[in-house]
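Dropping a structure here in structure tokens format, bear with me for questions.
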Amino acid sequence: MKQSKWGMVVDLDKCNGCQACVVACQSENNIPLQKKSDYDENRVIQWIRVERYWEGSFPDVKAKFIPIMCQHCDEAPCEPVCPVYASYHNNEGLNVQVYNRCIGTRFCANNCPYQVRFFNFWEAEWPDSLKNQLNPDVTVRSRGIMEKCTFCVQKIRRTKRDAKVNGFEIEDGAREINPACVNSCNTEALIFGDMNNPESKISRIKAKEEKKDGRGYHLMEHYGTSPNVLYLKKVDNSKKSHSH
Amino acid sequence: MQEHQQLSDSEITEDLTAPVIRSARWFWSFVGSLGFIMLVGISGYIYELYSGLGVTGVQRPVYWGAYITNFVFWIGISHAGIMVSAILRLTQAEWKRPITRAAEVLTLFSLIAALSNILFHVGRPWRIYWITPLPPIFIGFDFARGIWPNVRSPFVWDPVAVGTYLLSTILFVYTCLIPDIALVRDKVKSGPAKIVYSILALGFRGTPRQWKVQATAPILLSALVLPIFVSVHSIVSWDFAVSIAVEGWHSTIFAPYFIIGAIHSGVSGVVTLMAGLLWLYKLDKYIKPDHFDAIGRLLVVVATIWFFALFLEWIYALYPLEDPEIALRNMQVSQPPWSYLFIVFLLTGFFIPVSAWLFKSVRRNPMWMFFTTILVNIGMWLERFLIIVPGLSRRTELSFNWGSYAPSLVEIGLVAFTFAFVICGIIVFARIFPLIPPFDIKEGMRFRHVIKIGKKNISAVVRE
Amino acid sequence: MKKIKNNLIFTERVIERSLGKVPVNKELINIHNRKRGNTFNSFLYITAFLSVFGIIGIILRIMNGFDDMSAWSYYVTACMFIFTTFMGAPMVSMATKVARGNWRRPISRMSEIFCISGIAGLIFFTPILWVLPSLEDGRKTLWFFDPGKVPAYSPHIWSTLALLGFVLTALTLLWLNARPDFAILRDKSKGKSKIYSFLAYGWVGSTHQWGSLRDRVSVLGIFYFMLLLTVNYFFASDFLMALIPGWVDSLYPVTLSHNAIQGGVAILTIAVFIMWKWGGYQNFIGLDQLWGLGKLLFGISLLWFWFFISSLMVLWYGKKPNERDVLQLLMFGKYLPIFLFTFFFVCIIPFFALTLDSIRKSYYGPPIIALSVLIGNFLDRFRHYGSAYSLDRTIDDATHRFASLPDIAIPNMVDLMVIFGAVSMPLFFILIISKYVPVISLWENREYLLYGSHEKYYKTEVLVEGKPY
């Protein structure tokens, strides 16, 4: 089987900022409940977050949403700085975090231009009523270590294993392999897939939108991180000049 | 003009070993109060270990705070020892003699203080040894390991460099101590102290061969330790400078800038220490206004070069005219509290002390030097703070993530702990070993000479 | 006569003189006033000839026009070479004076004489002001605080002022330091006393005059150092960094100043060697001097490596597209051979050779190493200025990278004329000046007679040096 290279496309034109992806991510990946104090202290853990920006002045104000998760950069700045190889690049193009190797120097978080790496300041806690909904495939992270979006690597692993055992082909865009955020997105603003497969939806979108007049762009390209997440510009019909 | 005062050997021995033979009246109360501060700091650390790094002030964009600032600060202070003893030894500057030991000891304890900050800082300090290339045979219980540290990370270069520096400092201090330990061994009457000193003196009896080795070893060690001295702070600066994602850090001048800043704060720290010792142990026969004068002039030069580096760092941060960088610099100079801190930093780090040191009467006055050098170190602590925290508070395009930072009580307590630890360490060291090397002073007395030119007496030294 | 120890050769001989055997002044004045030999004169003529060639080269270059920047790359390299070698040499005298090193006394004048080469530098520098592309082409400038209102020719005014100040300070320093010697020559030598009495400018050697001399020299020396930094700061930013898009290297001005001092030490080492070997000053210049210069060269080569690594580490680790491009341009792309040679000549050879005691502490070792440093220094200038001036500064929109990297240009006839002119014109000035200014300071050496003495110390004899504040 050909080596996969996972990637994501975020179509900003379709994103309505509903935050379903945030909730889905929270429950799939055993992220502790974020209390008010966490927001006050700026210590929220959201592997995917929807950033909201206001544009224009009063009567003509527009909200713009941009979901930001780990960009799984090919040239990830967080990887070389980790002294213990907790942050490394696997052969499927994923930037993965090894929780039990992490010692919590937080160097990776400093060196991430996208601010998608999170530190466990406190021990993770859930109310008793929620303890049974924890995902058994995902580690509950102890305090003192970094964590971040994994593109739901547990789903990728399980589906690949199942496919091998049961002998079926993994369908492009199958719910079994899509990350929780993609599955939960009701406007299909998030598209996940194998970029090494030329037939996949994501490859076709990339081929179309990465051209010169396409809508595709990478976040903060000037850092030279070559991310695997492609953003598609919002189409603004009210004015012709583009902005992002 | 160097005052010429010939002291006899026995007088020197008597004066300089006095603090070792019996403790001064203030000793226990002083050490006790420092111990109390340390105890408070340690209890803060236990609290932090127990409940997690949430008790500190660090938060999402500003993941490094007071601990890393303090780490850099103490590494900076530690450069004084090598600066003063190695460089001055190699250039045969006479005025170094009474200062070297104190500077080296300051290096020793400030390095330990710096390393302790790493323990305070990391999320899982009980796993800190993973950044060292220890084979699993040493860590029998560590089954989750078996992987080499990532040598691409500056945090692996750091322990290597700082560890080497610490080891060589210990070697340096000990090598220069041997004749003085032998002296104390002979002064102490009996008891367990005598046995300990005898073991530590390594059988030093002052034979010509021993003295020859004794004279050569520090010079050799100085030459060997100088590259380490440069590499340590360069590597510390690369902890910051290699980060592309922090606009204020990614600057090529960082290594020289940090080194020269370290010398600035370290030599100032030595002056503070000298003035303090002068006052505590009444050493005015040995530490003269001349020494303050010479070191003050050195400081003027160092401070000016440091300021030039600061200027370049700023100029080239603004030079490409990129928005995040401009926003960051704007925040540093115009947004409280950073703007106030910035003014304090400039005044205390450069303008007040340097303009004071231009006057000879200030340079020759230990009290003035004491206070001005303390000002320098306030400024230099703030300098590191102002590099680290505003840099990390992310004035990037994603303004959603902007944030700020204020140290918590636990952090303040642990910073105070490091200060108390270093002072206490030096005081206790001075109780055990002579802090001003009697043998070096005696050597200086023998090399001293006077040349008469007309009516003037000009002090001279014998050149080997 | 007692056997003279090698490393104390200078000091011991001076002391010998202090005991009344040979008066220093008389011997030095005799050497200074002697008729110059054929070798000296032929060198004078050769350098004069090449300087004329250089001037012709400048004129030809200007006639070709300013628009084609790549044609100017060797020209700018040659001009910057003057400033980063000849104009760095005086720093040896300034620094050692501040540090009160006694070994500098026989060589400080030689190092100050290099100040005169600033005039040649100015001549070569002037046309470059017109070579810079206009600000409308997107050239960055240090005047960045208000991009809308940049003065039309941005670096021109302040860099010209700084350079003029630099050269004038240098000349003033040369004159101030030589003034007591002019007075001696005025009193002692026949024939030229009119010039010398003008140059001595009423020097009688009063206590007040000596005091103010010391103050002025130290203040101006520090000022010289600051101007050296400033001038190189302008050279590094407005004349170099502004021409390479995406290159932001805050260390480079310091590196350039450091290179200037390194080149200065190197060329001074060669000059001192020539003085010792052929100049007739064998009694005054000893191993002490060449050894000291060798030590300086060694330390500075180490510093070169440190500056190089500090700069490279940040850019290489950062891996931003613009940083990769700059490294490709200056080091790892087509200029790789130049870079390797530079590294070899400026860092590797001096470091490993001067580590050996037998080379560092010899008469012939340091000058040979210095020659290698000079070659490396020229290559280093060419690596930066050559690539910057021949770079096509358009950037590909999609990849954010340079559209193309420049090839290493082969110098044509005019370039060679300019290069030889730029090297020989300062030498010509120095040779001319050395006819009038004693290349070994009379008063500094006499001063040492007061401070140095030879005394009995237990069983041996030692040298005792006074260190006045």
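Think of it as A, B and C in the order they're written, each chain with its own count starting at 1.
By definition in this document, a residue touches a chain if its C-beta (ideal position, glycine included) is under 8 Å from a C-beta of that chain, and two chains touch if they have at least 3 such contacts.
Computed from a predicted model, the values in this text were never measured in an experiment.
Taking the mean Cα position of each chain as its centre, C sits at the greatest distance from chain A.
Of all chains present, the one whose mean CA position sits nearest the global mean of protein CA atoms is B. Between the interfaces A-B and A-C, more contacting C-beta pairs are found at A-B. Chain geometry summary: the mean Cα position of chain B and that of chain C are 35 Å apart.
Chain geometry summary: the mean Cα position of chain A and that of chain B are 44 Å apart. Note on chain placement: the centre of chain A and the centre of chain C lie 57 Å apart, centres being C-alpha means.
Counting partner chains per residue, chain B has residues 242, 244 touching two or more of them. Across the assembly, chain C contributes 317, 319-320 as residues in contact with two or more other chains. With touch defined as above, residues shared between interfaces to two or more other chains in chain A number as follows: 77, 80, 223-224.
Per the touch definition, chain A reaches chain C in the complex via residues 75, 77, 80, 212, 221-224. Residues 51-54, 58-61, 63-64, 121-125, 127-128, 130-131, 144, 147, 149-150, 152-156, 239, 242-246, 392, 394, 396-401, 403 of chain B are the ones that touch chain A when the two sit in their complex.
Residue ranges of chain A in contact with chain B, taken from their complex: 41-44, 49, 51-53, 68, 77, 80-85, 100-107, 109-115, 118-123, 142-146, 220, 223-224. Across the complex, chain C meets chain B through its residues 99, 140, 142, 144-145, 147, 229, 233, 237, 241, 248-254, 302, 306-307, 309-311, 313-315, 317-320, 450-451, 453, 455, 457, 462-469. Taken together, the chain C residues at the contact with chain A in this complex read 317, 319-324, 398, 400.
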